[in-house]
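Which chain is which? They are A, B and C, in the order written, and residues in each are numbered from 1.
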């Protein structure tokens, strides 16, 4: 039976957290989460780690493996060179709870501020028709499993004190899913520009690189939103044109499909 | 009691899966103040893992579909042991519950004419499952979660409930602890809804997550409520068998719904052999006909070809695979082959994206090129808290249950897709009923100080005990016992042995000890889960022992046939002092109209 | 980092290149019927003082276009501003206030679409130049220079047509693609641009290389270091 060395950062606050070495008996096909479970069952029953599905579907087991944000249940031990120790530490962008568990409640607060889906009030059932091509775009965004790895990796949240000003890639993805919904009547552009701080994102794509659901966050969600914001607020030609036509607020809601 | 300040709500909902969220929305819309507790983060509940779809007779793909046919399929699948009122309410209300999801922002796959697309599934006469690729549960939970948050309910995440309190015979609140720091938590409510899901962790090979320790079943039982149909544990025919770390992980039935073929080591399509004679006419007769059915499906047109044999009900397919492996015709890792690689790779990736990812990432298997290896895995608990069909009220006043934790709806075997619709239909009803009950109660029932103190003391004990057994060991032994003695096939001897071993494990579990702090300590979590799992394991085993016949998901090697004497009996469990009482109870009779519907097909 | 250096190199090269033609190469901006892409379209060379390179009148368009391009922004923010230097490795090692594209000057990045509109003008001329180069001394010829000009025009078209702003303008801004015939047509366009857009970075680098290659080639021709192999008809 093979052996793998895992260094796990353990503790209840960042200052006193320590790297602890564990030697794990491994068998074929094991993922990092299996190794941690083995540690729990054999060496450290109180090792704290969050997980649920163990199938990369729930987004609970986010942490940083060898410094890179990943899902523990999807990261195979065999992805790393044999014989070298693997480091596992909690996500750095969020306050530590204990061991590998961080306090991600901030994300839920951000989420609660987003205006919910707003369908036309009285659309009859027959109006709820749309084609696959209308929704393929937003189905990509709805694949999000809320692992918050993108929030963890985004330098705007990680390196700058911007938690109150920038919603982060996960929530830009959510807003994109609402804004591009063929039946949605809501208007979140003002929110995006100010409260959500879309301008903080400098499209450097780290979020896209780590997303376990392979959502092309920057290209498909954030940049199109930036373009929509530009339509309303930064495009001198459009602004002039709107002035000329006398329309004041441009957020024209799409007519319900018939 | 001084240590905890209880939070009060009209309605307290324990569990934030599909059932709990739907109940929360309903109760909140009915004007109640709602508290929603869950032991992991919001949006991570088991429902998120559901893949295949939501069964509802929308009749978008097969115009002939109707609630009546859905009702019949559900009853036939459940071997007529279902509570027929639940099955009828479910079939009638599922379509409107699904449409409602769409109004709340869910985005289902579409038919050519722009309506919700439906896919075929085992046991369903017509294509009936509304779906989003193979991540329907995610779509559902996200939609409900956003909706629930928008209605302004209070959410208590990562809070584990370990005790229910009663006041004057009425359930009046709940006690537990915050996982983040281990502090005790207390809730006070006029009505409590249980929506805690299933029991998979009593088995070794399961598709379920760590949350499924039967907490709701045990909490209800400890509060004096009855459990029903506990012998009916569903083993899903297709779980992954390799690598060991993912053994049991689900391979969605949608693979077979999209045309997946089961073969043994010899390359035989063995399902032909295992179709029950009474239902053989519902399935294709030849490989050819099955192939035509798949082609029609691929091209999205109607066909007169009948479905492939792989779409037989889950209990049947599981037994077939089990038998093939047992008789030496299994695959290298002890399963059988499931092949979808004969379809165009594009289609496989589009219709089954997460299965594709799951196999490439976890097993290095490209399912568009080679077959998968699969075997049965514990998947779902048909049995649960006995509830009233219309309201989800348990046999204990003030306590409601909905979702997988509730029993009765699925009888002896659940059809795929019927769970997600069950969550929506009965979640909504339980939410409304609980809100109404709360409205009828003028004052908030007071928590009994002694109950709170006792519960807190019980929480504290394993941390301060000097020496004691390790909960992980006991859990491992319990799983091994249940897997080998109370699995797909059962005998009286095995069940007796299991009961003896459960009793011994219970005795040991009373003296367990855990190390480490209270904050996020999985060992400590396990102590109370273990208590619950032992209750559930005993209930399953006792019920299985009592039912001396084979029916649906319950197969006895010493009673291989169905026994007419048991046809109209449910097994019910309830506490009797410190012992567990088990008895047969007459099943709810079908009305004449319902009988006509069932006999039609 | 390397990416940033190459991009700076390009800016410097293009500035130098477009400023210095006259003194070294005489009056003609054209060599053998080829016009360097930096000088196209050639604006009134005769009216300008001799020290003023006509390229300046045009160059700000492609430079502005590339500077505000979403892809290049990513590249130089990472390379020059260390925002971020790399994606999340270990402990974040600095914390500071930050405004990025919310404030001047980076808020001007929002004007990218204006550069996009303008960029189509020189692009049209580049195609024209390429076609004109086929006709030389009253005969037809396909020269290596011409091939370079065609390749360059094609790559630049790929770059412009894969632009994120264009993707938005042709259809990305719509919420409903299937609603009527017009939106369906725009959906078709959007899908095409989306297809190109997937490789926007590739187009960006390839077109950059081709511009330089064409320019260098024509200069070498001008100083007579090389000849222009050609098929003549």
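The working rule: a contact is a pair of C-beta atoms (placed from the backbone, for glycine too) under 8 Å apart; a residue touches a chain by one contact, two chains touch by 3 or more.
Predicted model, so just to flag it, every value in this text is computed and none were measured.
**Student:** Following contacts chain by chain, what is the lowest number of steps it takes to reach chain B starting at chain A?
**Tutor:** 1
**Student:** Which chain has its C-alpha centre closest to the mean of all protein C-alpha atoms shown?
**Tutor:** Given all protein C-alpha atoms shown, the central chain works out to be A.
**Student:** Compute the distance, rounded to whole Å, between the mean C-alpha positions of chain A and chain B.
**Tutor:** Roughly 28 Å separates the two chain centres.
**Student:** For chain A and chain C, what's the span in angstrom between their mean Cα positions?
**Tutor:** Once rounded, the distance between the two centres reads 34 Å.
**Student:** Per the centroid of Cα atoms for each chain, what is the distance between chain B and chain C, given in Å?
**Tutor:** Taking the average C-alpha coordinate of chain B and of chain C, the gap between them is 58 Å.
**Student:** So which stretches of chain A touch two or more other chains?
**Tutor:** Expected reply: 130-131, 181, 184, 257.
**Student:** Which chain B residues reach two or more other chains?
**Tutor:** Residue numbers touching two or more other chains: 114.
**Student:** Which positions in chain C touch two or more other chains at once?
**Tutor:** 178
**Student:** In the complex of these two chains, what residues of chain A are touching chain C?
**Tutor:** Chain A reaches chain C through residues 64, 67-69, 89, 92-93, 130-131, 133-134, 152-153, 155-156, 158-162, 179-182, 184, 197, 199-206, 209-210, 218-219, 223-224, 226-231, 233-237, 254-255, 257.
**Student:** Would you tell me which residues of chain C are touching chain A in their complex?
**Tutor:** 70, 73-74, 77-78, 83-84, 87-103, 106-107, 110-114, 164-165, 167-169, 172-179, 187, 197-198
**Student:** Flag every residue of chain A that touches chain B in the complex, lowest number first.
**Tutor:** These residues of chain A touch chain B: 12, 27-31, 34, 40-41, 45-60, 74, 76, 97-99, 101, 103-105, 108, 111-112, 116-117, 119, 125, 128-132, 135, 138-139, 142-146, 178, 181, 184, 257.
**Student:** Which part of chain B faces chain A closely enough to touch in the complex?
**Tutor:** 40-46, 48-49, 99, 102-105, 107, 109-110, 113-115, 132-133, 135, 138-139, 142, 146-147, 149-150, 155, 157, 180-181, 209-211, 242-246, 249-250, 354, 357-358, 361-363, 470-472, 476, 514-517, 519-524
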